[in-house]
Structures are given as structure tokens and as C-alpha cells.
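What follows is a pair of complexes built around subunit A, which joins subunit B in one and subunit C in the other.
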Partner chain A sequence: MNITLRMAWRNLWRHKRRTWLTVGAMIFSNLLLVFMISLQFGSYRMMIDNTLKPYTGHLQIQHKAYNDDPKIRNSFAGIVPLAASLRRQLNTRKIAARGVAFAMTSSKTRSWGLQLIGVEPEFEPLVSNLPGLLKQGCYFSASDAAEIIIGTVLARNLGVTIGDELTLLGGGRDGSFAAGIVKVTGIFESGNNTIDRNMAQLPLAYFQSLFTMQTHGHNIAIVAQDLTRVSALQQRVNKLIANRPELVVLDWNHLQPGLKQAIQADLTSAWFMYGVLIILVAFSVLNTQLMSVLERTREFGIMLALGIKPARLGSLILTETFIMSFLGLALGTALGAAIAFYLSVAGFSYPGMEEMAGKFNIPERIYPSLSLLSIFIGPGIVFICSLLAAIYPAGRLFFLHPVSAMRAV
Partner chain B sequence: MKRLPAVLLLCLFSSPLYSAAPDPQTLIQKAMNHWRGLSSYSEMTMTIHRPDWQRSMSMRSWTKGDKTSLVRVIKPRKDAGNGTLTKDNNMWTFAPKVNRIIKVPSSMMSQSWMGSDFSNKDISKSTDILDQYQHKLLQTREQDGHTIYVIESIPHEDAAVVWGKEIITIRDDYVMLEHQFRDQDDLPVKTMKARQIKQLGGRTVASVIRMAKVDAVEEWTEISIQDIQFDRDNPDSLFTLSSLRNPRQ
Partner chain C sequence: MNTMQPIKLTKTSLPFKAILTLAWRNLWRNHRRTLIMLSAISVGVWAMIFMTALMRGMVDDMIYNGIRHLPGEVQIQHPQYRDDPSINNSITPPDARLLEALKIPQVKAWTSRLKVPAVIASERDSRGVILLGVIPQSEVKLSFDIDSISEGRFLESSHDNGLVIGAKMAEHLETRLGKRVVIMSQDPDNNIADRGFRIIGIYKAKLASQEEMYVYAGLKTLQKLLHLDNQISEIAITGEDYRNTDKWYPLIKNASRENRQTLPWYEADSYLSSMLKTMDGFVLVWIIVVFLALSFGLVNTLVMAVFERTREIGLMLALGMRPTMILYQILTESFLLLLIGLLAGNVFALASIIPLQDGIDISSVAKGMEMMGNSSMLYPALKLNDMLLANAIVIVLGLLTSVLPAWHASKLNPIEALNQT
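Here is the complex of A and B:
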């Protein structure tokens, strides 16, 4: 241990209580930062998952005009074989082809406009969670069955239950009339009112014949192992469909542009509060170190008179601050991570969560998301700001005159 | 299918206006009455044009009074038998494929009618322009020996209408030359224009009418009238759900 470090260590414990108070402020703020940031990241992850799961998926292959202009004509041919070859080449089953159309849906007594999704019964449950949210009934028996699953709100609006027939009326891809009678086999409840009211799924082959689509469809949804691998997967898919210039691969951020913006807006306002917290901690460090420099003016005067360079004294002060900040970082992060880890297993909820959860489409319990980034970004910034705050007290030493310093009160 | 363009196509026969500044409400009223007659029967072709495709349908239409009409598709075979019945602002549609009559819900009224650029509302609510709008004569001009009136129609505050303003151009023989639909920001959205005017059924009418989106030049729907007969005796039994389902004509 070199002499500066040893002196810094001893200096710190000359005022135990003061040092612990300052370290305590850092521990508290670090703990809070680790906890809040993990919680935030966790809720963002859930928001993304819950928004993308019912339908969107992580990536979609579409006709290049479809995203801006979702018309039935903006489809592409051979969608089922393309999805099958992608499943083979990417070695994953989480790829499903779909068709999308709008139609008027009528029960005996009521009619509603509706978005119809033609899906592959075998693969759709792997890319979206609607098939798993069936409250009543079951999923499709075959890809060409005249069957439909609808949401709870729509079922109530139309006054139908399992086994009832619905009449679909819309326009086919060639502009002709599309009309069919389908049997309700399942009713799902996603909790998202818009989906439960406006969306329904049919088997893809039946959908294609109903809307005169031939082999056409509108999107192939792909789900990656997790969010971090989406862009790598997108590049691979891009290469695989390079021979189909009419197609594009879009990631969830393009498909649901509001989602990332909502997250960014929330993050920005949160960072404003974190900034206040961090600045307060930095000022408390500044206060402590300035006091400890001022009260040692005579001591520093003597050391200067003995021939120690001001730079050496400056580094002594910085080392003291470093040790303090490091203590705060280590203890605060450890405590914060421990709490966040516990909650990431047990889940976390507070009064009034249900309403907010419904609004932002997240479940009622949130699970903080722990990662190196979410743990260290807040405490890291506190650490750096504390060191910066020590520059002023340390800098004062360069303007100390040994003789007057020794006589200072 | 006469009701459909009725909103848009007003036309009339003879009897030019004498007064220098006619009442715009009366102008529209007369244009509509004369386009419709007390009742009518017409045969027409509707062509839907898109940048990459186009299709035509032949249709027959019967009307009676202001609020009753029946339209039935004759050709192509695939779509034959599809029909629409309008009565007092209610609309039903029949699809032979599923052999069902469906009442069109109000939430679907602004959707496209039979895949065209006309909305269900364009087809069914043709008299709204008379009782739910405030009219103002914007301009009077002479052209090809006719006097042309340009009328601005603004819907009442409480009218269930998506448009902010409509501009209607009527010739002095009550042929409606143009009908432009503008949104709340006063930007034109779609325009219906008479592309051909001729004598049909004893009246001068717009025989080819095109509805076009303003921001998409290649998207339009054209209705061309082959034959029209006015003041025919259309029995009430024609405008019933059972007649919609089982054509007897």
C-alpha cells in the first residue's frame, strides 16, 4: 500500500461519523438508482413483450408498400412455402405466415367491422399468444376449416358463443365480393380492449380462398429468442429474401413506432429525477471534502513547508474521495442488486398498479430486469460525479502558501 | 343504381332558371329531384380503377322517392346477385354466396361500397345534403351558353358527416357538373365529376360520372349509365328484403 493511499485511509477515519454519513448518502442513492432503473428496464421489457405478443412479433416480412398502405392488394405470392423455407433455413419454428383483411361480420342480430387475420394453425401459437389466451373453445381443427376465433368483447357485441355461425362480408383481392359463413370455435381474452373487440383469426387456407388470395398473404411474423438478437436475425432474414425485391423485413420498432417513443419519453422524465438525485449526492461530497480540506489548512501548510508538492496533496484528497465513493458504490450496488434480484424472482406490485398496468399494457406484477447495465449505470454516474466534485477542494491546495496556511485559524 | 350517384349527380332537365341569384338550397333540391324523378329504373356499369388493376360490374337500379332504392349486380357471374337495399337511411346487403341478408351497421357506413370509391354513406344518405347543410352561392359564371352555379355547402355543427365542406357545381339545366368533398382543414379529398352529359330517358343527365381521390390520380370509380327511365311505376314490393334476396325482375 503506498503512502498516499495509507494516509487517505487514515484521514477518512479521523471523522468516522462524517465519512459514514457521506458514504450513507451514496449508498442510499445508489441503492435507489439500481432498484429504480432495474424496475424501469423490467417494465419496458414487459411493455414490449406484451405489445408484441398478441400479434406483431419481433420481425415481419411484408410487401414493401404494405406498412405504409395496408391494403389487401399489397400482398405477396407463395407465402406459405416462403415461411416453410425460412423455418428450415433459420432452424426455428417461430415463423408464421398470415393474411390480413377487413370484413363486416354479422351474427343473427348484429354486425361489426372487423380485422381478420388468416393464420397457420400449426405455427401461429409459436409467434403470438392469442391462441394461448382462449377462454372458451379450442383452436382450429384444420388450415382450411371454416372456423374463426374472436375476442370476448366482440363475442358480447355480436351476441354469439362457441358453435354459433358468423357471416363475413368483404372485398376479395381481385375486387370481387368475399362472403363466407364461419363457425366460432374459440373466444380469447387478451385484456387489450382493442384486440378483443376488433380482431379475429381464421385458418390461412380458408382465408385465402374466401378473399380470392390464391397463394398470397400479407406478412410473415418471426419471433427471435430474445429482444437483443432481433437485429442480427433481421440481417439474416434480409439475406435470405434478397431474391425477392418486393419484400422488406421490418422490426418491431417500425411495426409499432409508438412503443419505443413511449419508452423514450418515460426514460427522459425518469432521468431528470435521477439527475437531481445525483447532483444532490455530488454536492454532499463537495461539502464534506471542502470542510475536511478547510479544517486541515494548518496541517497542509506544515506538509507544504516540509517540501511536499501541492499535486501530491491534491491526489491525497482525490484518493480520499475515491475510497469513499468506492465504498458507496460497492455497498449501494450490492444492496440494490440484492433487493432487485429478490424482486425479479418474487415480482413487485404497488397500490394502483392495476390501472396503470392496463393503460401501458403490462401485467399487474412487474419483475425488475437485472443486467450489468441496469445495475452499474446509475451508481457509475454517481461515482464519477463524486470524483468531479472533489476537484474543487483538491484544487484549492495549489493556492495555499505554507507560511500563511500554518498561521490560519 | 341510381340512388348511388344521386348525391353526387344531380341533374335535371330543361326549365332553366330565370332569376339572377337563385337560392342555392332550391338549386340543389331541384337538381336532385330532377335527377331522380318520382321513381326510376337504370342500367349502368361501374368501373373501379386502381394503379395495378381494374374491374367492371354491370348493375341495375330502381328508385322510388327520396329514400328508397335497390341496386343489384348483374355481371360478372362471380358477383351476380349481390345487392343493396336502402330505405330511410338504413342499408341492407345481400350476398348469394352465403344466402344471407345483412344490415350494414352505422360503423361501416363510411366504408367503401362494393369496393368502389363511393362510401355506403354516399349511396344511402343522399338527402342529407338538403337538410343537414348550410348552402351559399359562391360564384355564377357563363360557359358554353349555360349559366353555372358554384355552391358551397357546410354541414351543420351537429350533422353526422365526415366532411368539412362540399363544393357543388350545377348547370342551369340542373346537371350537376362537379361535387367536391373537402375535409375539416378545407383540403379536397375526393371529387365527383360529370364526364359526359347526354339525353337519356327524355332528360339531359350526366351519363358518365367519375369519383376520384384527389391525392391518388390513378384511383377512381366511374359509373356509366347505359339506360335510364324516369317516373316508372316501381311497386313497393320491389323494395323489400325478400325482393333483395329473390330477384323477380
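Here is the complex of A and C:
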């Protein structure tokens, strides 16, 4: 053990209570930071997953005008072969072509305006979760079958069940009148009333003939293995469609701009709060270290008179702070991670959570997400700020005159 | 101690003024420490008040947008309407009894409207919208801000044949003021009813999604189109302040007929009311968390202050000062520290909130804020109650945490204390 480290250690325990109070402030804020940040990461991940799952996917290939102006005419040709070739080239099955249109849907008694998605029955279940949420009936029998799946709320409101027929009325891609009769084969329940009331899927080939789309479609949805691989995948897809200048690949940030912004807004306000906590800890450290320097003025005067360099004394103060911060870091993160880990298994909920959950597409219990980043980012900053706070007290030692310091009371 | 017993000691009490002076001077003996602690307290208090004002502003805005845009503070609808907002679940206009009840002074404005799903089509494109048949005279008092009309005019009467659409919608349909569009909807017998409307006005809403969703037409015009006699979808009522809705809403509920659902906003939109409640909890938790972070420093400062003065305190005790006087003195010192810190914190908070009264532009995250029901300007809302709460918590809990070091000081043994180096 080197001499500075040993001196620092002993100095710290000259004032046990003060040291523990300072370390206590660090433990308190580190614990809170680890817990809150893990909770945030967890809820963001769920929010993203649950918002993208019903329809959006991680990436979409669209006509370049479609995202700003989602009109039926902003479609592109050869969508099914393109999706098939992408599946082959990217060696994944999580790619599905779709068409989107709006139509008045009527049962015998009721009508309702509906967003219709034409899907590839074989691949759609791999990119979105609506097919998996079927409560009754089954998915499509063939890609050209005159069939439809609708949400529970819509089925209730239209008064239809499995096997009933619905009339669709809308405008085709060429501006012609599109009308067709489809059979309800399945009813899904996503739990989100807006989706369950306003969205329906039908097979793509039938959709294309109904809306005079020929080989056209509106988007190809692609799902990556996980969120971190989205941008790498986007670059690969971009290269593969380079020969089709009318197409673009958009990631979920562009498809759902509100999602990222909601997260940003939340992060900003959260970091304001964390910042305040961190500043308060830094003040605490500054106070403690300044006191410990001032009360040792005579001692330092003697040491200087004995020929010890001020830099050595400065590093002593920094070492003391380092030890304190390290204790705070170790204990705070350990406790915080333990709590967060427990909740990541048991789940966490607070009053009012249920309503928020509905609004932001998150389950009613959130599970904190633990990662090295979520555990160490907050305490890491506390650690650095504590060391920075000790610079002023340590710096004072450079201006100490041995003779007058030794005489200080 | 025992050796001192035979000597008759006169225990001294100090007048309050002397305690105050002593505490004040002690505070500034180590001005660096005091200043650091003061900065910590004032930063903490500033953060408590500032953050709370921002959050309150956000929730106020959310509720304002939520209530003002359409439902009103109290709404009367067909019991099935909320699950199935179709024309088949419409109701008759208010009867004499309800009309009488609506005259109570707490009701600021009310209106009837028809609200049905419809398709709007220009020659370029068609869209699904919510079509509102309104009585313009009362609608403008309730939910439609007449200043939001950016081109043309709002409807003039229930019989007005024009249509008012949002700016975003006009863009999507590639249409403009004066052009004709077709409105299609379902009548109660499930026949498609359609007719052409001329666009007489275009509005800009605070939330872009509203511009895409709502289209306004005259109530009578719409009733005629949809073959309705007099039916409406809902009656919306608003009072002076959304916080007082619960006081007058039962009067309306009692007066409305059976087979009607009368809901105050906090039941109609559980998200808004839970946000309001969550916010109260959040404010308290936030203030306490900041206080706890502060308290470590506060206790530390007092422990140090006592430690440095151990001999001095011992001397005072030996000279016959009552231990309670020592306790008071330390507590007064802590009180002064807290008071100055609070004062500075409150001043900083006011100084930083007042320049922001015109709103903070958060349009860079506008789409995200819209998900929460917020517009792109954030107006901090400084509430006296929140300020008082922050101040009270800091003073009360601050003094409580100071009791321990102060009590410790008062329990010092004079002889041991005097002999301390």
C-alpha cells in the first residue's frame, strides 16, 4: 500500500461521522440514480417495442413521397418480388410487403371508416403482432382470398362475428371506384381501442385487385433482431435497393417521430432532476473536503516545512476524495442494482400507472432494464463530479505558506 | 460531575435576542462552509420550485387541451356512445328540466353537437374524419377558438351550408378555401348519405392531430343530410374552473334523463385525472428527494460546527449555561441557515420562472409532447401551494434533522469537552 493511500485512508477515519455522512449522500443519490435510470430504460424499451409491434416494424421501405403524404397513389411496383428478394439477400424471413387504403366498411346495420392493410399471410405474423392476437377465428387461407380480420371493438360495433360478410367501399389507386365483399375470418384484440376499432387486415393479392393496385404496394416492413442492429440493417437494405431511386428506407424514428421525441422530452426532464441531485452531492463533497483542508492547515504547514511538495498534498486530498467516492459508488450501485434487479423480476407499478400505460403503450407493470450502462452512467457522473469538487480544496494547498500555515489556529 | 455537586450553581438562561446574535455570529465564523451550505440549500430549493412549476404547467396544458378540445367539463351522451361513437347512439336535445338545470351560475357555457365518423373526399384524395355538426354561437364559447381560423370564416349559424376544415387536412386533400369537397357518412338506416360542401374556413389547432381529425359543419345542415329530426350526439358543458367540476356536476346529472350517461371530465378521461393525481404525488416525492440529498450536507455542517466548538461549548456549560440553551443555539443556527437558503432559493426560482411566463418553445419535441397531450409551448405554472409546501418541508424537516447534532452538543460533558484538544 503506498504511503499517500495509507495516509488518505487514515485521514478519512479521523472524522468518522463526517466521512460517512458524505459517503451517505453519495450512496443515496447513486441508489436513486441506478434505480431511476434502469426504470427509465426499461419503460422506454417497452414503449418502443409495444408501439412498433402492432404495425410499424423497425424499418419500412416506402415510396419516397409516402411518409409525408400517405396517399394511395404514392405506392411502388413489384412489391411482392422485391420483398421476396430482400428475404433471400438478407437471409431473414422477418420482411413483409403491404398495401394501405382507406375504405368505408359496412355490415348489414352499420358503416365505419377503416384503415385497411393488405398483407402477405405467410410473412405478416413475423413482423407484427396483430395476427398473433386473434381471439376468434383464424388467419387468411390464401393471399387472394376475399377475407378480412378486424378488431373486437369494431366487430362489436358493426355487429358481426366470424363468417359474416362486410362490404368495402373506397377509391382505387387509379381513382376508380373500389367495391368488394369480404368474409370475416378472424377477430383480434390488441387492448388498444384505437387499433381495435380502426384497423383491419386483408390478404395482399386480394387487396391489390380490389384497389386496382396491379403489382403495387405501400410499404415493406422489416424487423431487425433487436433495436441496436436497426441502423446496420438499414444501411444494408439501402444498398440493396440502390437501383430503385424512387424508394427510401425509413427507420422507426422517422415512421413514429412522436415516440423518440416523447422519450427525449422525458429524458431531458429526468436529467434535469439527476443534475440537481449530482450538484447537491458535489456541494457536500466540496464542503467536507474544504473543512478537512482548513482544519489541517497547521499540519500541512509542518509537512510543507519538512519539504513535501504541495502537489503531493493535493494528491493526498484527491486520494481521500477518491476513496470516499469509490465507497459511495460501490455501495450505492450495489444497493441500487439489487433493488432494480429485484424489480426487474417482480415488476414495478405506481398509482396512476395504469392510465399512463394505456396512453403510452406500456404494460401496467414496468420491469427495470439493467445493463452496465444503466447501472454505471449515473454513479459514474457522481464519481467524476465529486472528484471535480475536490479540486478547489486541493488547489488551495498550492497557496499555503509553510510559516504562516504553522501558526494558524 | 459529582465533584461539582456541592457547589451551588446558578444555571443561566439567555434571552432570545442573545441566542440569535450568538447563532448569527457563529454562522459566519466559518463563512466558506456557510456559503457552500447556503448555495446547496438555494440550489435545492430553486430546483424544487422550478421543476414543480414546469411539471404543473405541463399538466395544466394537458388538461386544458383535453377538456377544451371537445368533451367539455361535463358531457351527456347515449350510454353506448363512448364504446360505439356512431350515429345510432344519438340522443334527443335537452328537455325542459335539463335546460332549467343548465341555468345554474356555475355553468359557463354549454352546447349540443352531432359527432359522427365520416369520409371527406376532394378530387385528389379521401380521408376518414370526425364530422362535427355544431351550433356556432355556443360552440365558440365552449371549445372552438375563433382566432384559430387562419383563412375564411367560421360557421355563422346551424343552417350554414359551409364546411370548416383544418389546415393539415386541406394540405392532405390538396384543396383550399372556396373549393368543394364531398362528405360521406352513414344515416341511422345504414344508407350512405353524401353531399358536397364548400370550404368556407380553415383553422389551425394547437395540436396538429386535431387539424386532421375534426371537420365542422352546421348542426341543422348535418341533421338534414343524415335524416335526423333533432337528434344530437352529445351535450357538452363547461364551468369556470375544471378543478370545481365535482361541485356542480351532480346537479346536471340529476336533471338529465334516464338512459343518458353524464360524465365529468375526470371520469371521461381517466388519463387526465390520473395525471393530475400523479402530479401531486410527484411534487411531494421530488421535494422530499431533494431535501434528503440536502440533509446529508446540513447534518454534516452542524456536526462539524459542534465539533469545532467542543471546548467552547464545554466552557459555556461549565460556566452554568443550561444545556437547553446550547440546543436552542444550534437549532437557531440551523434555522438561520435554512431561512437564508430558502430566501435565496425562492428568489432564484421566481427570477428564473418569471422571464419564462411567455412560454418555453419545445417544438423540437412537439410530436412527442403531442403523444402526452401537450402543445409545443410549455408555460410554467407557479402555484403558491407548491411553493409553500417546498418551504415548509425544508424548514420543518431541516430543523428535525438538526435536532440530533444539537442534542448531541447539549449532552456534552463539560469536563471532557473542556479537555478536548
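Rule of thumb we're sticking to: the second predicted complex is superposed on the first by the 409 of 409 C-alpha atoms of A that agree within 3 Å, B and C clash if a C-alpha of one lies under 4 Å from a C-alpha of the other, contacts with A are read in each partner's own complex, and residues count from 1 in each chain.
Here is the rule we go by: a residue touches a chain if its C-beta (ideal position, glycine included) is under 8 Å from a C-beta of that chain, and two chains touch if they have at least 3 such contacts.
Every value quoted in this text rests on a predicted model; they were computed, and no experiment measured them.
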Clash or fit: subunit B and subunit C on subunit A? clash
Quick check on the superposed pair: does A:355 touch subunit B, subunit C, both, or neither? Answer first, second, both or neither. second
Quick check on the superposed pair: does A:110 touch subunit B, subunit C, both, or neither? Answer first, second, both or neither. both
For A:260, is the partner it touches subunit B (first), subunit C (second), both, or none of the two (neither)? second
Given the superposition on chain A, which partner contacts more residues in subunit A: subunit B or subunit C? C
State whether A:179 touches subunit B only (first), subunit C only (second), both chains, or neither. first
After lining up the shared chain so the two structures overlap, which partner does A:272 touch, if you call subunit B first and subunit C second: first, second, both or neither? second
Considering only the touch criterion stated at the top, classify A:167 as touching first (subunit B), second (subunit C), both, or neither. first
Determine, for the stretches 151-159, 313-321, 331-339 or 349-357 of subunit C, which one clashes with subunit B when the structures are superposed. 151-159
The shared contact residues of subunit A with subunit B and subunit C are 102, 104, 106, 110-113, 169, 171
Touching subunit A in the complex: which residues of subunit B? 48, 50, 52-53, 55, 76, 78-79, 82, 93, 95, 97-98, 100, 102-105, 107-108, 111-112, 114-115
Subunit A contacts subunit C in the complex at 15, 17-18, 21-22, 24-25, 28-29, 32, 69, 71-72, 102, 104, 106, 108-115, 153, 156-157, 169-171, 198, 257-265, 268-269, 272-273, 276-277, 279-281, 283-284, 286-288, 290-291, 294-295, 350-352, 354-356, 358-360
Using the touch rule from the top, collect the residues of subunit C that touch subunit A in their complex. 30, 32-33, 36-37, 39-40, 43-44, 47, 51, 54-55, 83-84, 86, 88, 117-119, 121, 124-128, 172, 184, 186, 190, 192, 270-271, 273-275, 277-278, 281, 286, 289-290, 292-294, 296-297, 299-301, 303-304, 307-308, 362, 364-373
Can you tell me which positions in subunit A touch subunit B when the two form their complex? 73, 102, 104, 106, 110-113, 167, 169, 171, 174-177, 179-181
